Amino acid sequence: MAPVVGIVANPVSARDIRRVVANATSLQIADRANILLRVLAALRACGVRDVLMMPENGGIRAHVERGLMRARGNGASGGQDIYPALHTVSMPVTGTVADTHRATAEMRRAGVSALVVLGGDGTHRAVAAECGTVPIAGISTGTNNAFPEHREPTITGLATGLAVTGRVPPHIAFAANKRIDVSLDSGATGATVTEMALVDVALVTERYIGARALWRTENFRELYVTFADPEVIGMSAIAGLLEPVGRDESGGLMVRLSPNGDGAGDCRRGITTLNAPIAPGMMARVGVTDWRRMPASVAFVPEVTAGSVALDGERELSFSERDRLSLTLRDDAFRTVNVAAVMRHAGQNRLLTGTPVPVAAAF
Amino acid sequence: MSRKISMKQAINEALDLEMRRDPTVIVMGEDIVGGTGAQGEDDAWGGVLGVTKGLYAKHGDRLMDTPLSESAYIGAAVGAAACGLRPVAELMFLDFMGVCFDQIFNQAAKFRYMFGGKAETPVVIRGMVGAGFRAAAQHSQMLTPLFTHIPGLKVVCPSNAYDAKGLLIQSIRDNDPVIFCEHKNLYGLECEVPAESYAIPFGEANVLRDGDDVTIVSYGLTVHRAMEAAATLVKDGTEAEVIDLRTLSPIDWDTIVESVERTGRLVVVDEAHPRCNLATDIAAFVGQNAFGALKAGIQMVTAPHTPVPFAPSLEDLYVPSADSIASAVKRTLSPKGASPRIAA
Amino acid sequence: MAQNPFPLGKDELLKAYRTMRTIREFEERLHVDFAKGDIPGFVHLYAGEEACATGIMMHLNDNDRIASTHRGHGHCIAKGVDVHAMMAEIYGRSTGACRGKGGSMHIADLSKGMMGANGILGAGAPLICGAALAAKVRGDRGVGITFVGDGASNQGTFLESLNLAAVWNLPVVFVVENNGYAESTAMEWAVSCDSYVDRATGFGMPGVTVDGTDFFAVYEAAGEIIRRARDGGGPALLECNMVRFYGHFEGDAQTYRAKGELEAIRASRDCLTILSERVVEAGVIGRDELQAIDREVNALIEDATRAAKAAPLPAPEDLLRDVYVAY
Amino acid sequence: MLNERIKPIVMPKWGLSMSEGKVTGWLKRPGSTISIGDELLEVETDKITNVVEAGETGVLRRVLGEPGTVYPVKALIAVLADPDVPDDDIDAFISAYAVPASEDDGDAEAGPQYHTAETPAGTIRYAKRGETGPTVLLVHGFGGDLDNWLFTIDALAEKATVYALDLPGHGQSNKQIADPSLSGLSKAVLGFLDAVGVERAHFVGHSMGGAVSMRTALDAPGRVASLSLIASAGLGEQIDHGYIQGFVGATSRRDLKPVLETLFADRGLVSRQMVDDLLKYKRLDGVDEALRALSASLFAEGRQASVLASGIADARTPTLVVWGEEDRVIPADHAQALANTAQVAILPGAGHMVQMEAAGKVNALLKDHIAKAD
């Protein structure tokens, strides 16, 4: 049976206040649809014939279907379908993150071989929460995109197609990823809320969710990252500019931040300031108290007693003195398609030539 | 000091004087400065026919070129008026009213009434009207009846430079929305105009010529045709009284009725299309209020019920002529004048 | 009391709650009285959308102007228009905000910067460009906010205004109140590019989408956008995704809605509940304090309704008044 | 073919802007014997209709001006000659007569017909006629301007240097009146004389201008050689309040025309152009405020605030008082206030604008008075 690829494309990512405060990207719906069509063409070229897609009312699907219809109509494909057949998960649309959760779970149950995700860190986090062992191929269409790598989506589609059709061995095709689990025990109700982050957990003193985005550095207190990459934007950059930690290393980094980021720092307490790209187009001075490695599978209890928890750059939970918060980093938490490795392999083994050299022959 | 200037200069001068007098007066429109954002000269056009030429040098950013976007900038002028400015928005050709009429008739005209007398909308929409410019059907209309139909709008149509200046100044100072109709074929016409500021009150027709035999009522370009007709009628011993309405809303009913009560005969000349226009309006009013004074049926001389044609030979037939006005006067004087005729 | 974690002080939070509660109570009361046949004409209720008007208007003063829509009661109340005058207006009384000559769809109070509800969809956008232009000419740091529904955002006036505001760099905020329905037609069907942010982007201004049922989300985003406009940063668009608890107008059977839709949004997306839970949970405001406000608001609306019904009708001569400044 | 015994009657030029006039009717038949001052015909201009008086004696030998016909200024409209001048000579004279080129056409190009002077009271417009003889200053009344002296200025200029000014708030002078009292206006007039370098002048004042002239005679007697008070204010309390209010309040021709008619004994003299010109003046920015300030200061509640008669009687300034018998604005019997000290002339058939309605007689009185007083 030919593999089926699932697609989760979030129509509402990249719409938050950072458009106003930091000139962040706002990828148009039509462009998201065009990205999807490019991915679909690449998947079909690798032999993927069926794709299962999350329903949404934001317009992506409508644009994509228009594109498929035009391709069938204009005969450019010479009678050959250049796109896979598109199926939609049967589920109601709420226009919230719950759609992503549910669609991912349904696709996993339907046995998809991989999940192509269009969105920012938030969308990827929602998929990762439900995808189990199904590998993710991430495409950045959000604002703070620390998790999905920036790459032409055709290549991502190609790599995914090569990976799921078995033309690249799994140990090359797929990579393990880390995450941080957040557990919040409510002092009021006794209930426990669990959440997760793919890249970073930031604890800030604002105790309301509001417009979700993080951009007021004076409120930053503690930062936990799965990897610390000086090449990405956002919270991870703060850590990455202090002590880089790779995606493939075990464990992450924990940084304590201070409100006095603007030079008036309290030297006695060993505060330094860091000039970091905390959001697209937004360089800010952040007061840094100290940092240390965050080993895997060890629960951290923060010093901050009240505030909000921002997961991958967006405030999601608020907590008070009565609540108990703990954070634990997990290695090998979920899988992604290792696009770079797949493409390198494809090249080395001439997988896309007319008569492909057998995989084994390359070794 | 009085001197001879054209109607175009008079309008320019009125804008200049009012902008000098009142810092809340702003002027906006398509190409009223001209060349904004382009590489060439500042003040490249001063309006498509140069009416606002030179004002940019005197008043700078209070003259604003707009995008070709009548609905937005006419609406913005209305909104700014409701917020304390006195905007003068040029709607190049009033034929373009179609794309922004909502902002005028549903918004500007209604604010005072609809908001219980608690809003003022001192906006002036000025632009060109009228045929004879070889500009064809969409740049030549006399749409004044559309405007007079709407309560809350004031409608002004000057026939000469002196009136244009005084009426435009009054329009800017007036606290109601005013549609200021400039007949493009009168722009070059000169007359004595004081250099100083002056305002001509609304609702006062100008009696251009006294006469006891017949009353000719008109406005805009056709006032001049009526005067020509009156001059030729003198040879037959007919003295026509010629009334220039100047403002169509409000309209000076008293002057019309008083004149008709004396002359007993009425010819109404209107460059607008014949159905439901100023001519029918005035004829009906006089018929209702001064029927006893009439010695003959009222004659209406209007444009035909057609779009404005392009071919110069046809357009020349379109606008009421001095001859057609004189003929209409003669009809009121002949015994048959009282019998009904069907207008073209 | 716990430390206040919110971006507003307690008094401001109470004010926001009172405003939202007043709008809700006002609309619920109209819903009941309209069904009784007490109210002439037709009314469009804002219930369910209170967080949007309130979250935005908390940032404005009387010098800032708003242009509203046919669904304008909430905007009026949040902008400070007197509730008694509004109710009397809806009843067509001489004591009304417009002396009984405007009605529900035309309530205005220019002294409060409320430039009128508007029966013409999309018409407020050019008007607010003018208001913003006036503020810019005067240099008084005023801003203009225009509200438009998801449906009316298709009007040429709205799109032209986005362009004009961008070209003139006006201090305007275009607020799209997306309740999902253009009268009865789904927004998804009627809006071709599917995203208001995309539309804003196309006109060269930033667009932001927020959860319009979350007072804090609206408040925070609006604050940044309004501050940017005040500082000369130019126009922006704010899309508030929200829900409408009643029909397009009163008497609308809402047969276009999915089964269970209304019940679901009332249960999970009631902005008043979301706000009050949030502030009570944080320990900033006691439930009893909110209940006290509820009682006061209830009394206010009751009094406004009683006063409106008892108020005199306009005099016959008012028919001819205020067409022009004089004559 | 100049024959000094043949005297042409030509279309007169009344005022600077007149270029043509219409003969409306002859008051003398051909063959009549004419004396100086006889009313010959009526001429209508776009501003006013008036009578042309004879300036010479003789028999009206030919009447050329057809009633109802418009002639340019200086066109030959009649011929006076003694009875013994042969008809052939007269015909020859007529056929040889050429309308002199209008001197004003040249003047208009050469320089302005009106002048302006910068004074402490603002810009003052004035006209100056004549180069010789005593200096005369013409001061118009409330709401008037220097054109009120249309029929006066050129006649006096034959033997005098005549200035006529627009008072502040009037005509084309500055419309702001700093001090809307008689003293204020008087100071403005003196400021004007300073600006044009005139130390002393014979003051001819009409109506309010008469009161301004009297005020000046009292405050600066050295600068007033004589007073000619025409229908003057300042000689009694009475004034037609309706006229003042009507004039100030009128904004339309319909309102203004009846008001202006009270100025003349012959209401028909109020032409369309006169009304239009006044409306044009009244519409100018600042005029309404100026007129209201003046009327409040000088004529509040329908009474004249200042009566200067006794002061003038004591001052012994040579004074002429002229009144139209049918004056409906200020009663002619106010002239009696100076009956003991001044020459008083009450002219029949004329109203408040007596210098226009009986121009010939008034001009003769003025010339005589100024000549005697100088």
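So that you can tell them apart, the chains are marked A, B, C and D in the order they are listed, and the count of residues begins at 1 in each.
Simple rule for what comes next: contacts are C-beta pairs under 8 Å (C-beta built on N, C-alpha and C of every residue); 3 or more make two chains touch, one makes a residue touch a chain.
Listed by chain with UniProt protein names: C = ABC transporter substrate-binding protein.
Keep in mind that what you see is a predicted model, and the values were worked out from it rather than measured.
Averaging C-alpha coordinates per chain and comparing to chain C, the farthest chain turns out to be D. Chain B has the Cα centre that lies closest to the mean of all protein Cα atoms in view. Annotation: 70 Å between the Cα-based centres of chain C and chain D. Averaged C-alpha coordinates give centres for chain A and chain D that are 97 Å from one another.
As a whole-number value, the distance joining the C-alpha centres of chain B and chain C reads 40 Å.
With centres set at the average Cα position, the gap from chain A to chain B is 66 Å. Taken together, the touching pairs link the chains end to end in a line with two free ends.
Listed by label, the pairs of touching chains are A-C, B-C, B-D. On the side of chain C, the complex with chain A involves touching residues 2-3, 5-7, 188, 193-195, 197-198, 200-202, 206-210, 214, 216-217, 219-221, 224-225, 228, 236, 239, 241, 278, 281-283. Residues of chain A that touch chain C in their complex: 11-12, 14-17, 19-21, 23, 26, 28-30, 57-60, 62-63, 95, 188, 205-212, 306-308, 318, 320-321. Residue ranges on chain B touching chain C, taken from their complex, read 24, 26, 62, 64, 66-67, 69, 71-85, 87, 102-103, 106-107, 111-120, 151-152, 154, 174-176, 202-203, 250. The part of chain C that touches chain B in the complex is made up of residues 65, 67, 96-102, 106, 108-111, 115-116, 118-120, 123, 125-131, 133-135, 137-138, 144, 156-157, 160-161, 163-164, 167-168, 321-325, 327.
Residues of chain B touching chain D in their complex: 1-2, 21, 162, 166, 194, 196-201, 204, 206-207, 210, 254-255, 258.
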